[in-house]
Amino acid sequence: MEPQIGPPSADRGTPPQISSPERRDRNSRRPLSRLKPYAPFFALVALSLLIGAMNARFFEFNNLIRIANSAAIPLVLALGMTFVIVLGSIDLSVEGVLAIGAVLISLLVRNNSNTNDFGWFGVVLAILACGAIGCANGAIHVGLRIPSFMVTLGMWFIGVGVATLLLGGSTVRVVDKGIRSLALERFLDFPIAVWIALGTLGITWIIERQTRIGRYIYAIGGGEDLAALSGIPVRRVKIIVFTIAGTLFGLGGLLSAAQLGLGNALIGSGRLFSTVTAVVVGGTALTGGEGGVINTLVGVMIMAVLGNGMVLLGISPDLQLGVQGVLIILAVALSLDRARLKIVK
Amino acid sequence: MNSPNKDITGIPIHRRTFLRRTAGFAGATAVLSIVPRRAFAAGTPTMVNSIRSLSNPYHATWNQGGQAFAKSIGADYVTLVTEGDSEKGIADIRAILAKTGGNMVLNVDPNDSPDARPIVDACVKAGAYVVTQWNKPADLHPWDFNPNYVAHIAFDGVHYGEDTANALIKAIGGSGGIVALGGILSNTPAIERKAGLEKALNANPNIKLLDFQVANWKSTEAFNIVSAWLTRFGGDIKGIWAANDDMAVGTLEALRAEKLAGKVPITGIDGIKSAIEAVRAGEFAATVSWDPYWQGSMGLSIAYAAKTGKIDPAKEPKEHREFYGTGVLVTKENADEFYKTHIESEPKIDFNDYWGRVTGQIRQS
Amino acid sequence: MATKSFRAGGGRVRAAIPIVLLVGLVILIGALQPSFLTADTLLVVMADTATLFILAAGITFVVMLGGIDLSIQAVASLSSVIVAVSLSRIGYWTFPETLLVGFVTGAFSGVVHVSLRIPSFIVTLATSGLVAAAALLLSQERSITIGESGRAYLSWITGRPFGMPSVIIIGALVAGAGIWLQSYTPFGRYSTAIGAGEAATWASGVKVNRQKVIAYSLSAGLASLAGILLTGRLSSGSPTLANELLLPAIAAVVVGGTSITGGAGGIGRTVIGALIISVVRVGMTFVGVDIFAQQIVFGTVLILAVAITIDRTKILIVK
Amino acid sequence: MLAVEHVSKAFAGVQALDDVNVEIGVNEVVGLVGENGAGKSTLMRILAGVYSPDHGSLKLDGAPVFLRSPRDANLNGIGIVFQEQSLLQNLTVGENIYLGQEAEFTRLGLINRRRLNAAARRQLDKVEVDIDPRTRTSELSFAARQMVELAKALALEERTERHLVILLDEPTSVLEQRDIDILFARVRALKQRASFVFVSHRLDEILSLSDRIYVMKDGRVVGRMQAGSTTVPQLHQMMVGRDRHAEYYRESRQHAPREEIVMEARGLSVAGAYREVDFVLHRGEVLGIAGVVGSGREELTRTLFGFVSQTEGTLVIDGHEVRLNVPSQAADRGIGYIPRERRTEGLVLSLPLAVNVTLSRLPTSRITGTISLSRELRLAKSWVDKLRIRTPSVEALCLNLSGGNQQKVVLAKWMNARAHILIFDHPTRGLDVGAKEEVYELIRDLSEEGVGIVLTADTLEETIGLCHSILVMRDGQVTARFDASPGRKPSQVDLIRHMV
């Protein structure tokens, strides 16, 4: 009854070029949009130049080392958080897990409170314990179908509680020279902790770019139902991601204990918001599927440079919170690839 | 269905209790003893310490002092923590008042000065005896609430802030630049200690305060600020004053990472174990110990004395009702001895020496 | 009633679960420590919940949209400072003034959020910094005690009309107004719709940005009210007064069963959530749970409570 | 080769499949037709390993197989191209093609990207498209994504010894005609490599592509036939159990539009999308816009509802010059929009039907501004009755409604908002024949009531059948205008000549 509509005969035979007419055009129209993904990096450079212009000492090599040193722990924590956020979930248990890690380590290595001296074996044990807590986060989240927000909020309280319980409220000094050397010894001018953070960056980058887990994290963050249809073991991946996060928070605990030479239950306080902020400032979306460890590196550096800069510029303490707020908004406003995010929550 | 009503309601509750305890144990590891029902002796009042949290050494020691005193009179002992949340702190105190029916003695370090008023009000209403420490509004006075509001104890932050500053100035030889770290801006101790620092600076015109920053009482924040200072001022920093020991410890570690530990003198305040050790090692120039063990025990002891009639608050002079306690400036000279008497062994305190550490009535500002 | 069943959708039983949990907890604590079950104690618990609830109610508006407001504790603190500073000068006018500041702060967050399209997490975190700085400057960095004369103006907060602490009445009014706003006004309806499907709501001609700004204003406005109540209860203001209230407030919202991703829940549930949080906390003191174990128990109860209360039928994917 | 034997499947008491038998031969294209709810999707999902049957079995080359997961199905040579596109937009094309199958490129736990992309390119070559495997999928057009899906399914070849069976679940519903032709050409060319099961609502497509056809109705197979021996009306009759309405597009109800002009465009342009578009829309007129993807018609449609605003030219609505920056301004002017993306832009799926119906105009009290919940319920019920929306109640979540009923809810929403201009963006996409007819009927109703309608339709046939006048666009410009009053309808060829 109806004649079939076909394309004009000229089109038959020649291989059709199906490629996006919409998106491509738009990109070529606005070459700037190609640069959008690098915007957080430009924000970092601009911020550095701004501070450097006002205080030239900012660019001194020693200051770069100091910035790197103050970024080391936040970086390790933020890397753990990055994968969780790319999944579209959140892990609020940073401070609790970090405290458990630091406290366990300080109790297991040579310290001034008991006679333990397990050295690196103790460190490994403690970090494994933190990984186990992360694993529990993931398992409860997936198993009971509770939003990760709540599971990890509860785990935050539990973590700080357990750390308090382990110590009875006191502080333990880490005497072990090996552990302290992470913060005190240097290799190629940078403290070993910085190298550990960089190593972590490298490993997480490889996980993100080169492994199946990394691929699956993005798949789940981009569309969990579709990922499941492609045969991706969604639940297992989620549990693994939370385990990685717990492990890295534990590593953060190690570096904290090494840096301050002590362990106590409040050693992680204030770390949660700074970690999430760094991840988001770097351009990773809280809705998942976007961003990654390189973004996180940039985000952490922005925050570290900001903290360093405020002291270098001598900004009055009561104004610092406000200045920081404005600058964060500016950084995100400049750097977020908002065109890609249809909905901003 | 035929069983009595009590059983019907009883069974699920027991099951729930069981479930809850199991859950609690799962979270808390099996080591914990969650005592669901503690028998409160009818006659002896309950001893209650309300503090910020058990996660910091200062209050943990405070808690030990409280425990020791309760043990000495054979009373039940309860610790309440605010976790920095004023509302929670007050709610917990109200709860324990309701539970004990007012037959209790409270030694409280209010989370923030405003909290003191509702806490005192609640105690007065319930007939409990209360001693407050550190924080209270300036216009709230124990003598307006006889006999229940027994006393308020504080330490003269200005005085000891000045003391540590002077110790620092002495350690750097009387001239040069220093930097200073303050606590959370609005906290009374932070304000007072800073005022003491300024007093010392005024008396020593050769000392220049290069910068003042706030590290919110935290080691980690202090660490990063000190790192940045080293860039900004470099060798100009001759000494570092910190408003508490935690920040001083962060400062020390930041210096240590730059191989400067022991080369730039640091002072802290509070007298935590790490700080005393650092003074002994020559890395801190000084700290001040408040002796939290004394605070935790004597706060209860004084209130208990009022409750049992050993003292009559109304008859005590004002300098016994609102007084500054005695802090000990710990420097290289007395550090070893202080370590022996206060850190290595449990401090020995005469619980009946109520006013032994009074160093004067609190200034009315 | 038709309207009732309409709100509940298909899950009438589900909606009752948080209430059952709350009652169960109260009975449990009462069974272990009978003095908990006196009218006086329960009133005190409710009164102590009021501030937490009002903060949580504010956040609920934002969470319903799928956003988050991290500035409420700072706004509440700033409000306490404003009240303390201006009470002696302008008397009762202080309260509308303070509320206005709150609303304006929220509107600021909202406008920045929608116009610059920056995630609410970041915007409100930044607002929180700005507000905290303002509070420090205004208070000259110290706590301000309200004198005897000023306290007279606060009697509407501290009083007990008919033996009922007035904060409970204020809390109930806020709850009533909040439930009314969410179920009977276009704003409430649109908020739910935005949380459940922003694109469709937008394409239905709803002024999405306006609803968002309103929600953030309400959130900060209620935070401001909570700050006023805190000031009344403590007779003073301080720039750090409410600092630790953010997390309990968020926990109250979620424990009540409101989805953190938006679109399901409401103020009614937050009432229950806030009460559950309070009852658990105070209950632990009553029952005498070991002080070292309290946080562990609290965290565990949080997780269990959410496991029981959340409505999984409306959440397609659990993030 | 692949056989479905006596398969039954029930969901919550509803029998979705009832003793279904289907056979798929080697190198065969099997068409599967049926109305929505006939069980096609369920059958496809059973074949794909998403569901397992309650009764009956699947047999591969005579041996029973149990497919526990999509991965299982893949290993047995069964790939699927889903109705809703199943590519992850935040991954690259190459990553999508081998999603879940990275093992073969993994050594020591690390994925070799270069090898993966090279392999992906081989798959893309099979469907003869030139897309860089490193491209982010979100940057591709719908049509290109469909090709990538096909390539993804073909990638199975390398993983299984089995002969491939590729399930195409309504692959054409989001494609333009030109892309459909390309897809079909590929499928025909690929018949040597694989068998296909093809589901579509467009019977002409099924006839042109399939070798054999199964007709399903109410969970049963009601007919099986050779494609050559049947016709569209015949299939239609088997599907719905009644004759196809002779007057499919209700042309007899097409009356001349009224004089009054409701919307007018003068030199309307959006930089980079289209330019200099003029048109006039009268009350009661249905104005069709025809054009291929990239012709600018999508952007034009979206300009009319404020998703994008014009960079030049004027838009006049009811005599007022306007500039629509956001949809709410359009809605305030009495314009309604029936989107192509029904599930994301049309409805809030997790909310009840009644809430969706009143979303654009709430029944509020004039005095207090509050919502009257009882009035809302009555309103919703009246729309459910009026549009014959099949739903258990007005409180049912839209999630649980069929596509056709969802579309009616969208329409009810705008009718409730008293929109007097409606923008229909592919209103019958994904609907079955019965539902389509109901939408046509509604369009006629609206037109009679004096609503001005701008229509972008799935097929030219639909455009011609429904519209009073037609605007043809190519490369961002209007290339032709047709009067399409009854009796003077242009032919499809007329339109196509100006489209490409």
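Per-chain residue numbering starts at 1, and chain names A, B, C and D are given in the order in which the chains are listed.
Convention: a residue touches a chain if its C-beta (ideal position, glycine included) is under 8 Å from a C-beta of that chain, and two chains touch if they have at least 3 such contacts.
These figures come from a predicted structure and were not determined experimentally.
Colleague: Between B-C and A-B, which chain pair is linked by more C-beta pairs in contact?
Modeller: Between the two chain pairs, B-C has more contacting C-beta pairs.
Colleague: Round to the nearest whole Å and give the separation of the Cα centres of subunit B and subunit C.
Modeller: 30
Colleague: Can you check how far apart subunit A and subunit B are, centre to centre, with Cα atoms defining each centre and the answer in Å?
Modeller: From the centre of subunit A to the centre of subunit B is 35 Å.
Colleague: Return the distance between the CA-based centres of subunit C and subunit D, expressed in whole Å.
Modeller: Distance between chain centres: 44 Å.
Colleague: How big is the gap, in whole Å, between where the Cα atoms of subunit B centre and where those of subunit D centre?
Modeller: 68
Colleague: Going by the touch rule set out above, which residues of subunit A reach two or more other chains?
Modeller: Correct list: 158, 160-162, 164-165, 168, 318, 320.
Colleague: Any chance you could list the residues of subunit B touching two or more other chains?
Modeller: 27-28, 32, 54, 185 - these are the residues of subunit B that touch more than one other chain.
Colleague: So which bits of subunit C are touching at least two other chains?
Modeller: 136, 141, 199, 292-297, 299-301, 316, in rising order.
Colleague: Any two chains that touch count here, so list every such pair.
Modeller: Contacting pairs: A-B, A-C, A-D, B-C, C-D.
Colleague: Which of the residues in subunit C come into contact with subunit B in the complex?
Modeller: Where subunit C meets subunit B, its residues are 24, 27-28, 31-33, 35-36, 38, 40-41, 44-45, 48, 51-52, 136, 139, 141-143, 145, 147-148, 230-231, 233-245, 248, 278, 281-282, 285-297, 299-301, 304.
Colleague: Residues of subunit C touching subunit D in their complex?
Modeller: The touching residues are 2-3, 5-7, 9-10, 180, 183-186, 189-190, 192-193, 196-197, 199-208, 263-264, 314, 316.
Colleague: Per the contact definition, I'd like the list of subunit A residues that touch subunit D in the complex.
Modeller: By the definition above, subunit A touches subunit D via 1-8, 11-12, 15-27, 29, 206, 209-212, 215, 218-219, 221-223, 226-227, 229-232, 289-290, 340.
Colleague: Would you pull the subunit D residues touching subunit A in the complex into a rising list?
Modeller: 50, 69-71, 74, 82, 86-91, 95, 99-100, 102-103, 106, 109-111, 113, 128-131, 138-141, 143-144, 147, 177-179, 181-182, 185, 204, 208, 231-233, 272, 293-294, 459-461, 492, 496, 500
Colleague: Can you list the subunit C residues touching subunit A in their complex?
Modeller: Interface residues on subunit C, with respect to subunit A: 65-67, 70, 112-113, 116-123, 125-130, 132-134, 136-137, 141, 198-199, 247, 250-251, 254-255, 259-262, 292-303, 306-307, 310, 312, 315-319.
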